[in-house]
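Structures for review follow.
The following pair of complexes shares a single chain, chain A, combined with chain B in the former and chain C in the latter.
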Partner chain A sequence: MSRRVYVNGAVWLLLLTAAWWLPLIGGYMALASRVLVYALAAMGLNLLLGFTGCMSFGEAAYFGLGGYGTGLFLTHLTHSTVLAVVAGTIVGGIAAFIFGPLVMRRRGIYFAMITVAIGQIFYFIAERWNSFTGGEDGLSGFSRQPLHFGFATVPLNAVAFYYFVLFFFAIGAGVIALLLHSPLGHTFVAIRENRRRAQFLGIHVERYVWASFAIAGLIAGLAGALNALQNNFISPINLYWVESGNLVIMAVLGGMRSFWGPLVGAIIFVGIQDYVSSYFPNNWETFIGGLFIIAVMFFPNGILGIIRQRAKAA
Partner chain B sequence: MELLLFDGFNGLIQGAFYALMALGLSLIISLNSVINFAHGGFMVVGAYLAFTLAPYIGFWPALFAGPILAGILGILVERTLVRSMYGRSDPIYSLLLTFGFALIIEDVVRTIWGAQGVPFEIPAALGSPVSTTYFFLTGYRLFVIAAIGLATIALFAFLRLSRFGIRIRAGILDLETVSALGVNVYLLRSVNFAIGTLLAGFAGVLAAGVLQLAPTMGDDVIMATFVAVVVGGIGSLFGSVLGGLLIGLAAGITTAYYPAASDVVIYVIMAVVLIVRPRGLLGQEGLFE
Partner chain C sequence: MSLLRLTDVSRAFGKLLALQHVELEMEEGKLYAVIGPNGAGKTTLFNLISGFFPATSGEIWFDGMRINRIDAARRVALGLVRTFQITEIFPELTVFENVRIGVEAEARCSARPWPSRGLLRQIGDRVDELLDTTGLTAQAGRTVSELAHGDQRVVEVTMALSRRPKLLLLDEPTAGMGQEETAHMVTLIRDLHARQRQSILFIEHDMDLVFGIADRITVLNYGKVLAAGTPQEVAADPLVQAAYLGEAA
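On to the complex of A and B.
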């Protein structure tokens, strides 16, 4: 128990002080924001993947929808950045809520396939609906607006935006943590461990899968909203199945049975993407792919899985 | 009407590609219990190898050399990577492993042949239009249909008539018993994986003549291939052919009436099939759940 407190304290301390130590090791704040955005999406996905045991391969749909929600909201309706984030989050969550009943009955590979199918439908809509979404070129023409606090106005430069993202990351991570410690979270794990037994115990498995799917979509929507603000741009590529695959890679690489696994995975993924592409501009995918293959073959519970095993053995 | 015929025929060609891809994928899923996400990658590799070899050995030998090399690559991958997945009870791990490998293939292809698409030269005899009476049709497109038809018939004949093919079919039904009867199931699975990737390579070479070659051409095709397999029913080879033709035709016909929806229609079909009849048109109940 105390170990968990130390780990959580250390993680939050590192995240809060990133503006101070990250430049020392050659990083920059936009990179840190990217890590948090993807970590949040992957943590949402992991609620399904790691804790409910449902292989979703279409999480990018809700990530991208959150982005489009925020972008369109800022373009047409408001100049409030915070409201736009809320709007994007709700768009992602509602979409997942609506499509939940279609996916909740499927298991295994069929679950992966139907989530992909729904994701691809959104991808092609975003790509073809030129007048509304900007089509293949993506949606631009919106930008994150300064925050107004009444007494002060804060422009969202790289450092301020990092803390803006961290604020929402903390909310998202907090919600997930609370959930996992609640009876609802324990039910998710029970479904993962033995779906049939959970059913015999009178648990309405499908309703819980639906809940897990909707919450994961909500979190992905939040991450997508932040992603749109990070780039001041959103493109259909953010909804493509490859993006869903990237989120799965992050969750599995870091450790899908661990709470912080997706964060570790996102650090590695975004780090490799940034670091390797500055030396081999086109070959970072080989590094990721190779690392991922090694992970799947030799440590399927991810990097945190190994560390935990060591800690238990010691 | 002419437009409908034209688009419908194009859809049929597209569907034939998907069917050929889906056949290979279906073979691998059924016997190896591996969900091969790198199937599109093998297709691209076969196509690019044929493209590279064609100037030296000519179009016709390259048409066979490319797929055979894709098959050899398939054996190597099966021996080194995929084999370690056989013991895992959850097929999801094989999906993840091959997804990682697909990333590597795409990256390597881009590094060797460049990110830009390259045109694939086809013999002049096949490139000329055969008929312009009802709709425009090049000989190559007819050739593609015939080649895919022949490959499909050859595969089914191999599975029905040859001893090895019969063992593959028996293995699909009950691998443990086949193993107990003294068949080397490791060899069986290796060869089966290679046949699957060979078919993917063959589809790639044929597609290269119609489309441009590009490193990312596998990304869209692999998804459509999964759709074909799921619609036809996982575990049914005949279903895969049917599923491929069906979604190709549907995409073609949609192009004639409402072009913007032509890409999305196959996913709508898959979603409907998964909701109404989860095992697919000809699939078995409860497989891979």
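On to the complex of A and C.
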């Protein structure tokens, strides 16, 4: 069996057994759920950033929209948690699909700036539209509902909710993995490697950037939906550009060229956020900033990039 | 019917006239060369034909179709595929993966997220066939950026071939190569032309190579066609001798 099979097996085993080993090292299930939520959003972003080579700084827009979609769906339309997740995912995906044509022809800093601008539009809409979104105070008054299977009803307590999130994380990660091993994924990577060559092999580069952008938005929408359910709350801050920056930091820290890089980045980011903020509630971001600078300067391919390099050299 | 025809084609960059009233006609199955000193407009000519940028005036016809307004990617689908003066490859991918991108585009499955096993097998077989044609089978698993310059250029040609071009445009295919690498590239071009009747239009500085293999040569100078004809006719042209070939003639 190849090394990749062992690595994947180990990752899934650790995730599936987290409820047993995490408390032993001082962790708790809500923290694990948050890691998975952000890891999923960062993996979606990484499809665009690490595999298609497009620097998006506006992924929080679709993350937040997914959250608002789920929250509003639960508030006004249904009490089905699963349907609310699906609704939030679709809202994020459709928004990215609609705004894709605005960004698909841009490159580098221009691509990044337009994605920020789009994200900020949604931020201000959410912040100002008090009657619909709850405005600055955010949207509350909804909560994740128990799952009904006919023969049993499962309340989504911390452990059950972790496995609920893990289920959707597995779907999202599975979709990304399948894509990356398909001709579509090969085309994304080709665009990252050399746009001109891709174009002169007959590939309509912009259309594929659009596709990557929409899929990343869909995954971010899914993650945002799960985030809203985790907190039973969603606020404009989830749409803010700083949240987009956090997702970029997670992808870069873990390794943009690695499938599991964003998961590693999310573990580090959320871990530092949780543990360091209990000692330095106002300065924990300084640690993230310092770590990010070190990562960019000394291991630009992220933690998994370094591990892969060493494994290759050995 | 000619495969490629340029009628009164010009291209200006601001006040600079890079190409002026260029006429060029090429038949199917031929091996044509474009020569000229640095700055003569050779690469600009390739850029116009391949759709890198549009002509300022004039008409470009390919396989019976006026292609002036057709974008670069669609021109590839029509059968116009090029290589570049500075090698354009996917540097961090393997040789196999580089060629596979082109094969998938040719199979019109680049957008497919979940291909069948049969399709994947067909794609793999086609890549293997192309690597065999260009002598890259032994390098298939190597990352392209680790290859020697000459091999990288062969990879680029293989990628171009993956699109089954009706016309292959090669921009200085032997630039920067050593003697052995040049000989390999020349053999490859000759074989493609002789065995597969591949139509090839190429730019080259190596006069021995050009006069050794080209069916016809077009000479550009200061953006204008100075002469066009068989190697013998071009070599005998006093204008060419005076302006460009000098001692080489």
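Throughout what follows, the second predicted complex is superposed on the first by the 313 of 314 C-alpha atoms of A that agree within 3 Å, B and C clash if a C-alpha of one lies under 4 Å from a C-alpha of the other, contacts with A are read in each partner's own complex, and residues count from 1 in each chain.
One rule holds for everything that comes next: a residue touches a chain if its C-beta (ideal position, glycine included) is under 8 Å from a C-beta of that chain, and two chains touch if they have at least 3 such contacts.
Quick caveat: nothing in here was measured; it's all calculated off a predicted structure.
S.K.: Mind checking the superposed model to see whether chain B and chain C fit together on chain A or clash?
M.R.: fit
S.K.: Quick one: classify A:121 as touching chain B (first), chain C (second), both or neither.
M.R.: In the superposed model, A:121 contacts chain B only, not chain C.
S.K.: Looking at the overlay, does A:197 come into contact with chain B only (first), chain C only (second), both, or neither?
M.R.: The second partner, chain C, only.
S.K.: For A:313, select first, second, both or neither according to whether it touches chain B, chain C, the two together, or no partner.
M.R.: It touches nothing on chain B or chain C.
S.K.: Once both structures sit on top of one another, what is the angle chain B-chain A-chain C taken between CA centres, to the nearest 10 degrees?
M.R.: Angle at the centre of chain A: 80 degrees.
S.K.: Determine, under the contact definition given at the top, whether A:182 touches first (chain B), second (chain C), both, or neither.
M.R.: So A:182 only meets chain C here.
S.K.: Quick check on the superposed pair: does A:112 touch chain B, chain C, both, or neither? Answer first, second, both or neither.
M.R.: A:112: touches chain B, not chain C.
S.K.: Report the partner of chain A that touches more of its residues: chain B or chain C.
M.R.: It is B that touches the greater number of chain A residues.
S.K.: Of the partners chain B and chain C, which touch A:288 in the superposed model: first, second, both, neither?
M.R.: A:288 sits against chain B, while chain C stays out of touch.
S.K.: Just to confirm the geometry: in the superposition, how small does the C-alpha gap between chain B and chain C get, in angstrom?
M.R.: 14
S.K.: Shared contact residues on chain A, chain B side and chain C side combined as an intersection?
M.R.: Residues common to the chain A contacts of chain C and of chain B do not exist here, since the sets are disjoint.
S.K.: Could you pull out which chain C residues touch chain A in their complex?
M.R.: Interface residues on chain C, with respect to chain A: 50, 72-74, 76-77, 81-82, 84, 88-93, 97, 100-102, 104-106, 109-115, 123, 159-160, 162-163.
S.K.: Flag every residue of chain A that touches chain B in the complex, lowest number first.
M.R.: 55, 102, 105-110, 112-114, 116-118, 120-121, 124-125, 127-128, 240-242, 245, 248-249, 252, 282-286, 288-293, 296-297, 300
S.K.: Using the touch definition up top, name the residues of chain A that touch chain C in the complex.
M.R.: Contact set of chain A toward chain C: 178-179, 182-187, 189-190, 193-194, 196-205, 207-208, 211.
S.K.: List the residues on chain B that touch chain A in their complex, please.
M.R.: 35, 81, 84, 90-93, 95-97, 99-104, 106-108, 110-111, 115, 219, 223, 226-227, 230, 234, 260-261, 263-264, 267-268, 270-271, 274-275, 278, 288-289
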